[in-house]
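Heads up, the thing below is written out as structure tokens.
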Amino acid sequence: MNNPPNRKPAVVGADLYDPMLEPRYTDIATFMRAPLTSTLSNVDIGLIGIPTDLGVTNRAGARHGPREIRNASSLMRTFNLGLGVNPYRLCRIADLGDVRFSHRYDLGKQVEEIAAFYAAVHAAGIFPVSAGGDHSITYPIFKGIAAREPVGMVHIDAHTDTWGEFFRSKFTHGAPFRLAVEAGLLDPHRTIQIGIRGGQNFLEGIEFSRSHGMRVVFIEEFAEVGVDRVVAEARKVVGDGPTYISFDVDGLDPAYAPGTGTPEIGGITTLDAQRLLRGLRSLNLVGGDVVEVVHHSIRPAIQPSWELPLCSRFSV
Amino acid sequence: MNNPPNRKPAVVGADLYDPMLEPRYTDIATFMRAPLTSTLSNVDIGLIGIPTDLGVTNRAGARHGPREIRNASSLMRTFNLGLGVNPYRLCRIADLGDVRFSHRYDLGKQVEEIAAFYAAVHAAGIFPVSAGGDHSITYPIFKGIAAREPVGMVHIDAHTDTWGEFFRSKFTHGAPFRLAVEAGLLDPHRTIQIGIRGGQNFLEGIEFSRSHGMRVVFIEEFAEVGVDRVVAEARKVVGDGPTYISFDVDGLDPAYAPGTGTPEIGGITTLDAQRLLRGLRSLNLVGGDVVEVVHHSIRPAIQPSWELPLCSRFSV
Amino acid sequence: MNNPPNRKPAVVGADLYDPMLEPRYTDIATFMRAPLTSTLSNVDIGLIGIPTDLGVTNRAGARHGPREIRNASSLMRTFNLGLGVNPYRLCRIADLGDVRFSHRYDLGKQVEEIAAFYAAVHAAGIFPVSAGGDHSITYPIFKGIAAREPVGMVHIDAHTDTWGEFFRSKFTHGAPFRLAVEAGLLDPHRTIQIGIRGGQNFLEGIEFSRSHGMRVVFIEEFAEVGVDRVVAEARKVVGDGPTYISFDVDGLDPAYAPGTGTPEIGGITTLDAQRLLRGLRSLNLVGGDVVEVVHHSIRPAIQPSWELPLCSRFSV
Amino acid sequence: MNNPPNRKPAVVGADLYDPMLEPRYTDIATFMRAPLTSTLSNVDIGLIGIPTDLGVTNRAGARHGPREIRNASSLMRTFNLGLGVNPYRLCRIADLGDVRFSHRYDLGKQVEEIAAFYAAVHAAGIFPVSAGGDHSITYPIFKGIAAREPVGMVHIDAHTDTWGEFFRSKFTHGAPFRLAVEAGLLDPHRTIQIGIRGGQNFLEGIEFSRSHGMRVVFIEEFAEVGVDRVVAEARKVVGDGPTYISFDVDGLDPAYAPGTGTPEIGGITTLDAQRLLRGLRSLNLVGGDVVEVVHHSIRPAIQPSWELPLCSRFSV
Amino acid sequence: MNNPPNRKPAVVGADLYDPMLEPRYTDIATFMRAPLTSTLSNVDIGLIGIPTDLGVTNRAGARHGPREIRNASSLMRTFNLGLGVNPYRLCRIADLGDVRFSHRYDLGKQVEEIAAFYAAVHAAGIFPVSAGGDHSITYPIFKGIAAREPVGMVHIDAHTDTWGEFFRSKFTHGAPFRLAVEAGLLDPHRTIQIGIRGGQNFLEGIEFSRSHGMRVVFIEEFAEVGVDRVVAEARKVVGDGPTYISFDVDGLDPAYAPGTGTPEIGGITTLDAQRLLRGLRSLNLVGGDVVEVVHHSIRPAIQPSWELPLCSRFSV
Amino acid sequence: MNNPPNRKPAVVGADLYDPMLEPRYTDIATFMRAPLTSTLSNVDIGLIGIPTDLGVTNRAGARHGPREIRNASSLMRTFNLGLGVNPYRLCRIADLGDVRFSHRYDLGKQVEEIAAFYAAVHAAGIFPVSAGGDHSITYPIFKGIAAREPVGMVHIDAHTDTWGEFFRSKFTHGAPFRLAVEAGLLDPHRTIQIGIRGGQNFLEGIEFSRSHGMRVVFIEEFAEVGVDRVVAEARKVVGDGPTYISFDVDGLDPAYAPGTGTPEIGGITTLDAQRLLRGLRSLNLVGGDVVEVVHHSIRPAIQPSWELPLCSRFSV
């Protein structure tokens, strides 16, 4: 690519400059210092914030996730040592801003508005990488991008998120993948859930996952067999069909990601999470998200799920 | 059990409701949402707070441990995925409140008052699970429950706690297991100490442990052989005699349990701690405790030692 | 009163003891160490938690307010030096627990459930003192206690909370007093709003307050004339009709109450807030609340609004 | 003004929207939600970040100030209750981004680069409001905007910042106003320094201020006479000549602005600071700054100095 | 004084240097950068740490006070603007280190060891300024320095600390001034207690103060009459007899001194505390202390009580 | 050694006492409680602080590192369980205080002043163990101690620190080992860099390391082969020539060392770091450092690199 998309005019003087090369504490905080755009044209990968936590069942705060992640992602740089690529040279990456809502107190309406946004992004041929927001956002993302063909999924999380109604709402952050399967948007046989653990009041969620054919890797199995065999299993499960990566930061151990709303001890390290994501490169990816980051996150803890979706699609 | 013990009358309306099924941030904070009782009748497992830190040698604060643990344990739910059991269906679990003291500035008197409390609990046939307080509480617990027969112990800690007098007191948190051995309450040959590390000014504590026949698993050995072999060793050491589990949270690495008074780097992860505790299921357990939790603990870090004592006694 | 209501049986031994006299870090955290009751009988003052923040417009977290306030209020003791009374000797005070909800994602339904709860409390002749939750709770409290006769109000806050619909909901925390006036539950001519300040996007809220006859004391006036004259003005405005006190902790300066969702600099000190509340003693009070306390509040900052409602009703 | 400058195109859909009216946690963080511009055209007030702390003598961190202030200023809204104006309707306000540097380890070079930037801004007729950065930035700002005529100054600070060389540098944050006087950029007879206090190793700074005719209002005088008389004094000192406002947040008490590098107890409250700034309205202002905000500032504490420069210039 | 006592040899090179003139973050942390001495000779003012919190009734932590204060006091400099003196030029000031204890779990023994230390300091003609530790330390300090003649006292605190036995100990931090009066070490008629407030379970402490003739300035009176009249009252009460200043940081509002064990809202500001202390200059002072500073104090909050004892004795 | 060097005279009484045996929160904070000396005589191991962060490229703060490490190291005790030695019995260890600077704003001058200090230490035959400060300090340390013969190095870090000029300075913390190789002070063929990871804008640093023959162990390799094989590789690379250990705490995962200026997720655990350092015992060591510790570090996280340099030199 001849024209690095990241150049900006300097407000004083006639120069162009590249925010990525400036000290990390300077300039406006966009996702990974990518240019902020107000159009869907000329974008290969779109970074999108979804600032809502209306769907949580415990501590709220993920509405602040997009801004926190924009700030934290200033620490990233262009060349990814782990993957050996510079995605900014391979494709046009832009920050598309936040999904806007006209309703803020109605989960059902939010589902519609998110779905409409992603349908437009999808129609523009953009690969979406999203920053939640709580996990309830993934179901409407699927409505926007998987309407024609169900996707497979690599899902990293402490919880299966396949539960039913909670306090009279079916759209909470405990339910997106049950809804997606029921709507024919997610193929459970091409779905793997990694890092599952913690207490439950009902087993219906886990039973839904299993009875519909999802592969559930509990944390005990993860610790037993190690990350490399989990990667192999994930690649086998999703195959070469269209695949989505959904990364709930509570899949990580709270020592690594304390700023999340429903923490569970005994989770994955960031190093294993990076190895897991990088192991998925060159799959047929169609999108990804990182969710459940709340305001007081320790900032370095929220990078891992961003790595792969960006890089794997374009590297060969 | 037909009558789940956890139902409470609603103050408005005629309903019963179950606090365990309410959102986690609601209701009065009892240990693991168990009902608070003011009697020793009809209780199988008693959860007890011992709010004192008079015995510490460095930073104080564990007097706030019972309240902090009550708050944190609201995140727990009934069904334990790791063990595959719902202990609340298997037995009657209650929060017995805190041990009360008439002295607050005299370690020797505290020993007597704690011992009297646990003798009554023991006489009532209740399995005690205790929340410290500092580690000095375990010696008087033994006085209450092991008077007739010495117990074995699985002890997770950075320190052996078998030291002698410190600044003119023999009852500090560095001494409970020396006292217990000397009083014939703890069988050192059926005792294993796991996670030991850190600097020492004197070696007398470690020498006491070894010369009396305790099995000391230093952290280097733990890292070398892995948690599964440590579990096997622990089961071999304690055998099928009556066994107590004592979990000092400074056995965990400070990254997982920063809120403790004498932290030592290079410790156990919460995931390994869970695997260790769950590996002990179906031993002949007689009680357990988690100690040295201070006020500013990151809350998710204090769950692990609670798991096993509850579940293993009643599962087959 | 012969029978101090605060005695509890000790779980071990036959004694009664008084949690109020135990060290502050011990025992179960109820509101101000009052006994937890599961009935509306024999209660003069009922302390009630309303754990919801569904109505906020910025940072959430006030759902954790009741538990945070229960913990913090352990620092209180029986005799109030500022007022010269021991309310526990004057009346029967109890913690009624939390309002329970069957819906958690529908503001309109929450309004109904809160209103029903307070109607029952009111019918039982109990004086309610409530801990939010966000400020949206006060409108349904009024529905429960002011159905027969509109109340007057002393309202301490940075915002007038008389705005209209926000993102398609009319029940947010910016609207309770517009709703209450429109429903005939609040008498605007007997309402004073103290501490108002900060930026606005629209002036409709302030215009509503003024055009309906509320007395708005902006922070500039408060600083100009001092707390004593504001007290006199408040007493004049509310007169001797039934009066409610609503205390939003963001009326305090963020230096005193940082843990709130919509902080505004330039607010009231806690000392002035105490003087203000104590200046209202012997009014014809019918209830009070403290709202918008979130999880990470510095604990000492949340005491002031609790003082007066308790004491003033029963002191002569 | 017919065309509110703050409208932005939505990335999905054909609407314009106004970030100021969106919930405060959404959208890209620019200074006070003003539009980010890459040109000096069509701007009345330019908000500018200067991310450097190379000049500090104690704790560094003010390099993060511009980003922290951008985040915090999302809490602001259009209409200023205290002043009774909506500045966004009166003039065109834009975020000009950060001053860029080609040197990062040479205070003398930074002076040149900042001066060049402000000369361009000044030449474009823009009123600059700057976010430091440490206080060393104000001297080069003066070089850019006061080259033709020395300015007067209202200076709020714990320190006079009129010291000489410190560890072999004359450009530190303790020196800007000595440099400015010596360069003929600042008129000491039209300068008032408010809030001065704390310990000193040498008295040369204070002696410089006094011997050159600056009016020094020590905090003791401020407390004695009150903010209204200090406002009157400030207006008298600066008169109707061109005047700059420089607000070092350590002028505030550390209870209000803990996140600064050289805190001194016994300072000004935010309420008094607001009253002070608003008292300066309709002076002949030429610019202003807020400096010494570091990364861990409590966010609400950093608003006051922004108020006046924006509003006073355009209000009548 | 010709020989500034603060010079130290540089470890490399042959120079002397003065730690007070080095950047504040450098060098070993002694109290106010004074030289650390190991002898009682050639010292006029001795700064002494007493690292114990065995006497507290709520949160512990003041054992870390001396170290925290040593660190924080690095921010001080030689010349005190408020008083207009450089005490380091007027007298020889040294850090005497910490009182050492041979007992750590016995309040009675600590009383003896502290008393012996201060008797030696007193015999050497040194003016002691002490850093607690909890407030139980002041009684034994009096035993060391007031054995021949009872002292008067200016006492700043939220509590009168004239209570009786607490949980079977009479030496707690709630009792020092009752003990001192009863032992004839403190003259209650020359004692003023400033800032008293908060809840009480018993009134015996306040009744003791009043019935023995102490002047109790409740916070309400302080707010009513202002600091200048309180200063005048204090000077009148203590007269020209030997007088001690005891400053409990919980006399300050928790917004200014959050890191203390028994905070009470509605307290004094640091600015008023400075004005109060400076108002006491040229009294016949014999010693002073600052107590109840715990580990997590915001550092700038702990300076005020150090100012006067140092300066007032030697200035005329 | 007959005379333990750590005894100090008590200021009151005629005793000697040993700070190492006092409770950890007492006494002046020197490095690891070693005696503070003002001479280079009679010292085997010298502990040295270098309080500067002028060389950082992102967040500053490491200027506070020496003081933070002195405080934290109070938790250490004499006997090292992991190594089985008591270094204080084997050699004379002293805290030499901080390197003093006459320039504070000129990286080039700092290089000269640090180099001169270490040349003197080296000439005195002292083994230096240094606490940064940012990583720019290691190049001048090498100038002081490796002038006659280049050293080999075991380097633990997230970054290779072999970059070139950054914003017009060649002396930043990204450059020390390029400078050292170019000056003939560091033998790249005897250098191993362990834990390297994270994003890059340019690959020149890594290319410099590789093309000059350094052994770069990326974190992926570390995770793959395990710490024991990395130890073996390190011993092979450095051989028996003079070797330096440089430990940048950002080599650790941010969960273990959050208080550092350029954190990178996916790092080493403290347990592995201890095993790595202890694996290096009995190498031909000539010095070591721990760098990039900033003010808000969690204190237990900064111990590991101190262990080996002390112990390995003197154990056989």
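Note that the chains take the letters A, B, C, D, E and F in the order they are written out, and that residue 1 is the start of every chain.
The rule is simple: contacts are C-beta pairs under 8 Å (C-beta built on N, C-alpha and C of every residue); 3 or more make two chains touch, one makes a residue touch a chain.
Everything numeric here is computed off the predicted structure, so don't read it as measured data.
K.L.:
If you take the chains that touch subunit A and keep only those that also touch subunit E, what is left?
P.N.:
The common neighbours are B, C, D, F.
K.L.:
So which chains count as neighbours of both subunit A and subunit F?
P.N.:
Under the touch definition, subunit A and subunit F have B, D as mutual neighbours.
K.L.:
If you match contact pairs by residue number, which of E-F, A-B or B-E shares over half of them with A-F?
P.N.:
Checking each pair in E-F, A-B or B-E, only one repeats A-F, namely A-B.
K.L.:
What is the distance, in whole Å, between the centres of subunit B and subunit C, each centre taken as the mean of its C-alpha atoms?
P.N.:
About 39 Å, centre to centre.
K.L.:
Among the residues of subunit B, which are close enough to touch at least two other chains?
P.N.:
Expected reply: 23, 25, 57, 59, 63-64, 104, 167, 253, 255.
K.L.:
For the protein chains shown, what form does their contact graph take: line, ring, star, complete or other?
P.N.:
The chain contacts form none of line, ring, star or complete graph.
K.L.:
For each chain, which other chains does it touch, given as pairs?
P.N.:
Here the touching chain pairs work out to A-B, A-C, A-D, A-F, B-C, B-E, B-F, C-D, C-E, D-E, D-F, E-F.
K.L.:
What residues on subunit B touch subunit C, complex-wise?
P.N.:
Its residues touching subunit C are 8-13, 17, 22-23, 25-30, 36-40, 49, 51, 63-64, 66-67, 70-71, 95-100, 104, 116-117, 120-121.
K.L.:
Quick check: in the complex, which residue numbers of subunit D touch subunit F?
P.N.:
Touch list, subunit D to subunit F: 53-55, 57, 59-61, 63-64, 101-107, 109, 166-169, 171-172, 295-296.
K.L.:
Could you please specify the touching residues of subunit B with respect to subunit F in the complex?
P.N.:
Where subunit B meets subunit F, its residues are 57-59, 167, 196-203, 206, 218-220, 223, 253-255, 258, 262-267.
K.L.:
Going by the contact rule set out above, which residues of subunit D touch subunit C in the complex?
P.N.:
20-21, 23-25, 75-82, 255-256, 269-271, 274-275, 298, 300-301, 303-304
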